[in-house]
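Please see the structure below; I have some questions.
Every chain is named by a letter (A, B and C) in the order it is written, and numbering of its residues begins at 1.
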Amino acid sequence: MSEFYNANSFLISLVGINAIMALSIYITLSCAMLSLSNAASMAIGAYTAALLTQQLAWALWPAVVAGALMSGLVALVLGLPIMRLSGVFLAIATLGFGEVIRIAIVNIDALGGSEGFRLNSGDRTIEASGWEVYGVLLLIAYFFSRLKGSRMSLALQAIREDENAARTMGINVTFYKVAAYVTGAIVAGIAGALYAHLRSFISPGDFGFQRAVDVLVFAVVGGTLAWRGAIMGAVLMTLLPEAIRVVPIVGGFNIKDQPEIFSGVILLAVILFLPNGLLTVALSLNRIRRPARKVIGHKEASP
Amino acid sequence: MMSPVETQAIEATTSSKPLLAVQELTRAFGGLVAVRDVSFDVYPGEVYGLIGPNGAGKTTVINMLSGLLPPTGGTITFRGQRIDRMPAHRIAALGLSRTYQNIRLFGAMSVLQNVVVGQHARMRASLAERLVFSPRVRREEEAARRRALTLLEEAGLASLASQPASALAYGNQRRLELARALASGPHLLLLDEPAAGMNAAESQALGTRLRTLAEGGLSLLVVEHDVSLVMSLCDRIGVLNFGNLIAEGTPTEIARDPQVIEAYLGSDE
Amino acid sequence: MNLAQLPQQLLNGIFSGSIYALFALGYTLIFGVLDILNLAHAAIFMLGATVSWWLVSAQGWSLLLAFPVAVAIAGLLGIVLDRVAFLRLRQRGAPQLSALISSIAVSLIFVGLSRLLFKDDRKQFPDGTFPQVYFDIGSIRVRLLDVVILVVSLALMLGLTWLVQRTSLGRAIRAVAESPKAAALLGVNIERVIMQTFFIASALGGAAGILYGMSLNSIEPGMGSQVELKGLSIIILGGMGSIPGAMLAGFLIGMIEVLSVVFGGSQLKDAFVFVALFLVLLVRPQGIFGLKQGRAG
């Protein structure tokens, strides 16, 4: 058992990191916001924590907390003005946010620029392992499970269904959306901080559009109705490239080299045929019925 | 916290101040003036009807009162506070609740959850307490669920509590919307065409229910197309036409008003 | 900051702006007609370029022939995209964001297929594909290639404008963009108009890709991501759904880009574009020609 773990420890930890990231985008999706800036939030958490442990000799957990808070702060500042945007406009704005952060990192020499930032190259070593990652994941999952059916979770669902009707029920929609956005950023920041200490090397390329899309795929494929869906999606899609090792080479074309084709096909199949994600399939196999509903949707306000 | 009945009884004896005072309310969309200088008051315990042909501006008025649409002119005062620039959620917390012309339930949420969420503004535990899942929060949420069930019983929907709201028949959906709007314990309930799509028997039942609520002390502002319902239910009626309030008075007075009759000629009823 | 570069850079801005404008037109057409943001557009941009390269270098065609053929193939890919990704969602009335995610899925597939079929490297047109002719006007150097690119871009843009304003197809497109229900009542075949719109939009995107590839003489599977966000910035700036907006904003973004190179250094040029994007989103999200926020229905 421990042999298996040692051989695959990075992959196992990566599944955990991806699950945390998927939860971060789930938080925003749960009130119908498509945010593609969580990769940038991950970057902020990663670089902040890395700088603190490497330059200022902080221990791991304080650095993770600081990274998460920094990420939340930036999200608050940049996110507050864009919160009144909806749908497509919000998605584009968050994409832009993500790019600005990536460009900023590339242009700051202290962060290593496009070459990347190497950790643990001195005599001090601060590392994270699967224990830390899964510890955090369990904590977050616990939090989510306690929230079920609470005033907060109902408010988020109401916002997702119909923002204006939610307002007239006394729900402060702007507050909840900002809170969801910032919380998502904090969670992504935690993932980033742990990730940096998992690999001991980070570069801006790790946190670009591709990462944001990957995380979105985790959440959508797993299912956006419940937080367990996000985790399920992350597990499945992270292990996918390993699973497709069995696919043969056809006609000189090695399709295994392009796992994004499989990701794309699965994502497409889910969106077209199982819009509530694979979790609903799993649940119905367990004979628990859930009502079908839109993946992400809320009726438009009519003046 | 006092119930609406108690509050209104006190208000009624201490003053004849209106619960809702609308003054010169105006809304223009570019060059088109949808509502122009509309003024009326709704007193505590009163049922006020707002009628008018299609396109007269009734829904625009309701949207302005509930805070979904800012007026371009005029003022709205509710329980002594100016609400014309207030965000919708704060207006709801003040005690002004509404239903929608085309039902806007939270379809994927259960019937019970819809009514629970209607109590959102009433639940007073602080954010800090919520984040640590304090027992007070648990008690409050339990109480909200119990209250929601009671409201569902009153509406005759208790047996459907765990169904998704979208699965309900139309008539039940209307009842659910009303129950949800009542969940917050409002002082004033705005009803936007509550009898839409109902037959005569259903409208009658609705009228009875609303009468009961009004007798319990709830003030109502009813926007309706169904003139007979409005006539039998309302204490006073205002008539809108092309965005202007052209007449106001008791049902008998309105029925005789030549301007009103003319406004309705050629419009559908 | 090197002001002596300014005239040259302004000219470059016009050249690149024309390509960006052409690219953005594809986004804006589809958003105008269907209210969806097609994030697979950048992949079609890349495939247009890649197919044209393949025709020229692997099949030995002349660019003159490869260009229209590749453009047509790009258009057909657009139709495939619609059939695969959007049709079903349309039929069940799925929300806007589902279509966006669906387009992301197809984009992943397209890019992966390109890497698989055409290899993951950076490709160049073979020597002699286009003449290496320069004009020197004062301190400014102008490539014949860039002039040709500009002419082709403008011709395509004018062609589109003519099509939208003067033909019955254009009228149908505008009717559906305004209100599909009303258009259907007037007898317009909505699905056919949608198909034609996808063909045109994707053909323009493919053409933009070929011109971009010619201009830089560099074609690789990831090239779509270089212009994708610029394209989004352009349609926000110009107003989503507005054709003149996309054209004007395309040139504007081209200008912002080169001016930020002159004044800020080339590292930050993308940052300036995104700052412009944010400002527009915050101050006037409906853009210059502020058309649609939501559809009449």
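For this structure, a couple of remarks:
Operating definition for what follows: a residue touches a chain if its C-beta (ideal position, glycine included) is under 8 Å from a C-beta of that chain, and two chains touch if they have at least 3 such contacts.
Predicted, not measured: the structure shown is a model, and the values here were computed from it.
Distance from chain C peaks, on a Cα-centroid basis, for B.
Counting C-beta pairs in contact across A-B and across A-C shows that the higher total falls to A-C.
Centroid to centroid, with C-alpha atoms defining each point, chain B and chain C lie 49 Å apart.
Centroids of chain A and chain B (each the mean of its C-alpha atoms) stand 41 Å apart. One finds 30 Å separating the Cα centroids of chain A and chain C.
For chain C, no residue reaches two or more other chains under the stated contact definition. Among the residues of chain A, those touching two or more other chains are numbered 294.
Under the contact definition stated at the top, not a single residue of chain B touches 2 or more other chains. Residues 32, 34, 81-82, 85, 87-89, 91-93, 95-97, 99-100, 103-104, 106-107, 209, 213, 216-217, 220, 253-255, 257-261, 263-265, 267-268, 271-272, 275, 294-298, 300 of chain A are the ones touching chain C in the complex.
The part of chain C that touches chain A in the complex is made up of residues 37, 84-85, 88-89, 94-98, 100-102, 104-109, 111-113, 115-117, 225, 228-229, 232-233, 236, 240, 267-268, 270-271, 274-275, 277-278, 281-282, 285, 294. Contact residues on chain B toward chain A in their complex (touch as defined above): 29, 60, 63, 66-69, 87-93, 97-98, 100, 104-109, 113, 116-118, 120-123, 130, 133, 137, 140-141, 144, 164, 166-167, 180, 184. Only residues 146, 149-152, 154-155, 157-158, 161-162, 164-174, 291, 293-294, 299, 301, 303 of chain A touch chain B when the two sit together in their complex.
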